[in-house]
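Per-chain numbering from 1; labels A, B, C and D assigned in written order.
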Amino acid sequence: MLGPQVWSSVRQGLSRGLSRNVRGWASGEGKKVDIAGIYPPVTTPFTATAEVDYGKLEENLHKLSTLPFRGFVVQGSNGEFPFLTSSERLQVVSRVRQAMPKNRLLLAGSGCESTQVTVEMTVSMAQVGADAAMVVTPCYYRGRMSSAALIHHYTKVADLSPIPVVLYSVPANTGLDLPVDAVVTLSQHPNIVGMKDSGGDVTRIGLIVHKTRKQDFQVLAGSAGFLMASYALGAVGGVCALANVLGAQVCQLERLCLTGQWEDAQKLQHRLIEPNTAVTWRFGIPGLKKTMDWFGYYGGPCRAPLQELSPAEEEALRMDFTSNGWL
Amino acid sequence: MLGPQVWSSVRQGLSRGLSRNVRGWASGEGKKVDIAGIYPPVTTPFTATAEVDYGKLEENLHKLSTLPFRGFVVQGSNGEFPFLTSSERLQVVSRVRQAMPKNRLLLAGSGCESTQVTVEMTVSMAQVGADAAMVVTPCYYRGRMSSAALIHHYTKVADLSPIPVVLYSVPANTGLDLPVDAVVTLSQHPNIVGMKDSGGDVTRIGLIVHKTRKQDFQVLAGSAGFLMASYALGAVGGVCALANVLGAQVCQLERLCLTGQWEDAQKLQHRLIEPNTAVTWRFGIPGLKKTMDWFGYYGGPCRAPLQELSPAEEEALRMDFTSNGWL
Amino acid sequence: MLGPQVWSSVRQGLSRGLSRNVRGWASGEGKKVDIAGIYPPVTTPFTATAEVDYGKLEENLHKLSTLPFRGFVVQGSNGEFPFLTSSERLQVVSRVRQAMPKNRLLLAGSGCESTQVTVEMTVSMAQVGADAAMVVTPCYYRGRMSSAALIHHYTKVADLSPIPVVLYSVPANTGLDLPVDAVVTLSQHPNIVGMKDSGGDVTRIGLIVHKTRKQDFQVLAGSAGFLMASYALGAVGGVCALANVLGAQVCQLERLCLTGQWEDAQKLQHRLIEPNTAVTWRFGIPGLKKTMDWFGYYGGPCRAPLQELSPAEEEALRMDFTSNGWL
Amino acid sequence: MLGPQVWSSVRQGLSRGLSRNVRGWASGEGKKVDIAGIYPPVTTPFTATAEVDYGKLEENLHKLSTLPFRGFVVQGSNGEFPFLTSSERLQVVSRVRQAMPKNRLLLAGSGCESTQVTVEMTVSMAQVGADAAMVVTPCYYRGRMSSAALIHHYTKVADLSPIPVVLYSVPANTGLDLPVDAVVTLSQHPNIVGMKDSGGDVTRIGLIVHKTRKQDFQVLAGSAGFLMASYALGAVGGVCALANVLGAQVCQLERLCLTGQWEDAQKLQHRLIEPNTAVTWRFGIPGLKKTMDWFGYYGGPCRAPLQELSPAEEEALRMDFTSNGWL
């Protein structure tokens, strides 16, 4: 396996081949960040008494940093952000910034339900070192979250954010798909650089890539289960919970896709589907953290109301890894 | 129409007839609050610059207090609680406590995503004067919100709450129904006194009433659209957005149900369905607030990302009231 | 319990009180059938080799006819009509006609996917003795079944049908709710006399009753689980799978509702919810037929691909009856 | 463009590269058909009086046969099979068999609700010349269509079918996904050769390919919108409504995928997404037939209750083609 630095330049060279989306971003104007690559959405470690364990957080970061990730997503859905106070959210981002290599990107989840609070959180995230803000769709009033409302929300956030904004659609958690027409409109905003789409509908991903092809706009797959298909359709990377435990393999899948080794990519992708499903919607963050314990990271407990896996669930989780040769 | 005080004693007498659920709550032990009756879920007024307008809040409360409501729900879904800071949430409850008559109940929404923060918010709500806490289901990780997780969550909150707890299930916002088996288990907790069910499935409401019949447990309908049917099935009241604008009529419907005047109740219920749908899922809080402006209350703007109604929406909203004879 | 004949006249007298929908239907013009009352949707008995067992069908009918039903629904969803050939469908209706008392109504399910075939089936159903046709929404192309398409379909069928037409919406099977606006339009057709709504949303049922109040249009609840609530909202009866096994009790519930004995009605309704759920969506027709065997009727096997209950399912089914005092 | 014969041998050579699924099928035992390739699901032309227009059917077939399709699907969902009588279904298959080149495959939809009738229809389809039977999941009783029930159904059909069986899952029409575990079990049946999956979830398609990799089992994408992604994940072809109008382009996409020209494939795939959506779930068969009229085939009317497009719909349909450069 290539080391991170070498791989970084390899990625840039390779990705120019397949994707239209990788450019030399002008530094003085317009959009400024190339977000292509793989990111683990970092979990938030807790002590036995449910305090944030910043030491374990740093340890995990140090281990993850040996892998050729483009960067880290902090406080995506896997970061248990809805359970953190505002100051915890900022403190976690700050500590990750310090623990991670300087040449990687830090994408910080800054979405809140209200537009105003999201703006404030985004500004604060920038102040503690985030390179870009990943903003989940507000969702409690999903019945009124029309394209117009969401365009208004994201435009306001992007207008006022000192760092680039990445849209984030995750219907399994929010019950809401950011509509394609809203994405297309928002892609024209100079401070909105891309999108993380966790919905798993690659036809939709392809359509978004197609309809934003004249914009500087990049799409990241939101899960390792449809990562290869997303590359095929024009996505430029992924934010993958599974990369917290099988990070080398997810980066290997990236490399196979970018170098056009589709047969090997397919074989690897196949073996990642069940483990990926297991640590995402099947067993959620409790499953992901349990698996992290198995793979040499610190997983530990979740905050309540998330519960530990039952023994039967843990067994099924293990089977999803062993049956594919990963344990 | 009867005045509030007279009506209060009438209600207690009447409801003994129909419902099994109204008891003299022992003051020294066990469950202590009879929540039977009608509640408007109070909206949070904002100024043109999106600050909480406490003056308008008090004005609305004074007007609403002339009606024979059992009390007020503060920071239900209609209170835009996800858009308020913690201190705003507490301040709003505190001001409502001061503005409302002492003999009414104040049910305060204290639900948050994490169990720990929900406990803290519940304790704080009690300190600022709430009579009971209405706790919405956590929902961001709905895929892991099994009955076991929800039972754990509510048990912890009820154990530590100084005031009685009311379960709150509102699938249109949360994408999650609190399962019947979880409700039945939780109904046995000495500090859980009832449930607000906004799902609209009266078969489910009937089943919950039936399976908790040996507990001190009361069910409130979460919307005026199925209020009469809920009374028929054994609910003891309702938390009705529509009561913010047609409060006298909703209380009249209560009286007709409790006194067994089902034919008149049916006629009135029929005329409330479309207006109710309009101010809830069809046009949401923007629709409710617009209607409040029409009916002599202060509605005003919502916080973003909620948007004002379009002229066409406003016209359709008005039609839902005029076609039923309310405007 | 009253005998059928006595009960029939009682029903007519009583229902005039509560419901606006029971009229003396003019025989010479306009709508001609009063469908108010309770109907079991008759199951189709099969032999061990999956032939229709007409003898058992007649035996069941004779037993069911001792109860004060308004009539029988043949080839509703519980009749396994999608598994029958056209000639079997007609033969079953013909045999039921012969076996049942003359003063009861025979509502025959005649819905097919195409409009033309539905018309032909409806005409044939009339020829073999159906009093009215119950026409389920076509559903395979549900994505294109707009209100306009459904209005066109039902209008054509009603235009050409020699017998009155009853609309039938059963989203659990069809994935499709007949929209309220379509129902309102269709209620004006002189040959469309009512609707069976199995969706369980009594707010919707109330709205339909309200918006068709100026038409000769009657609504039947499609399940015993929300029968009492439907009566409260203005429905005039029900087509209840549960009536195949607890027919006397369902008719008793009707009587309690029509005579305004709402407290007793509530108690009875409560005890019917779990058994009703068990023989409908929880265990389907296999559950209903198994229960019929327990209650002295012939249930027997279903046609494949419907499978027999597992022992664990059968145990759970039994529990739903025993725990409510019915076994 | 290559002619059909040349292309056929090219395909076989090429597909050996990427896919594990193309083999020399032994003629004396086991599975006998290689279904890899592209198929248009043929529409059923009707006259102005809604009779099947066999002449137009043949004309369409002759035109389509100039394209390098692997074969034709007759009476998939786009064939309006639910609107045809049994004899029409067989007659259509028979006429297609006569009109099409001998070296193409004829996959005939033979699914019905009951297992027994499906068996009979499958046998009849074989008699009139079908090479394989494509069997849609029964769905009216979807609540009881467990894996066990579906395994029983398909096993019975495959046991008794003289021709190979292709599973067919189309949740947009049936409201039912054939579960992965059922597919894996059924893939071991010697007479079940593959599956058409129209659900659009390519993670699921990848998982099915992965878990059936030791069987002779081939997966076809059920729509052109996710065709390229399906090839990437291991599917061997597609049944694509869009191939009725942009057949050359869909075959070109196949060729680009099989020859590893992923960049060009991506560009082409992108331009096909909106047209594909337009002729499938957005505007359904009426949209597909209208487009056929534009592209030199006979589209004509649908049988009722399917309605013609409104002028506004027709305009939107046209835009989906023109904006992508196809009109």
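As a working rule, a residue touches a chain if its C-beta (ideal position, glycine included) is under 8 Å from a C-beta of that chain, and two chains touch if they have at least 3 such contacts.
This is a predicted model, so every value here is computed, not measured.
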| item | value |
| --- | --- |
| Joint neighbours of subunit C and subunit B, given as chain labels | none |
| Chain of greatest Cα-centre distance to subunit B | D |
| Centre-to-centre distance between subunit D and subunit C (centres being mean Cα positions), rounded to whole Å | 37 |
| Centre distance in Å when subunit A and subunit C are each reduced to the mean of their C-alpha atoms | 51 |
| Overlap residues in subunit B, where contacts from two or more other chains coincide | none |
| Chains touching one another, given as label pairs in label order | A-B, A-D, B-C, C-D |
| Residues of subunit C that touch subunit D when the two form their complex | 50, 77, 82-83, 85, 113-117, 138, 140-146, 148-150, 152-153, 156, 172-175, 281, 283-286, 303-307 |
| Contact footprint of subunit C on subunit B as seen in their complex | 17-18, 200-203, 206-207, 209-210, 213, 225-226, 228-229, 232-234, 260, 262-263, 265-266, 269-271, 273-274, 277 |
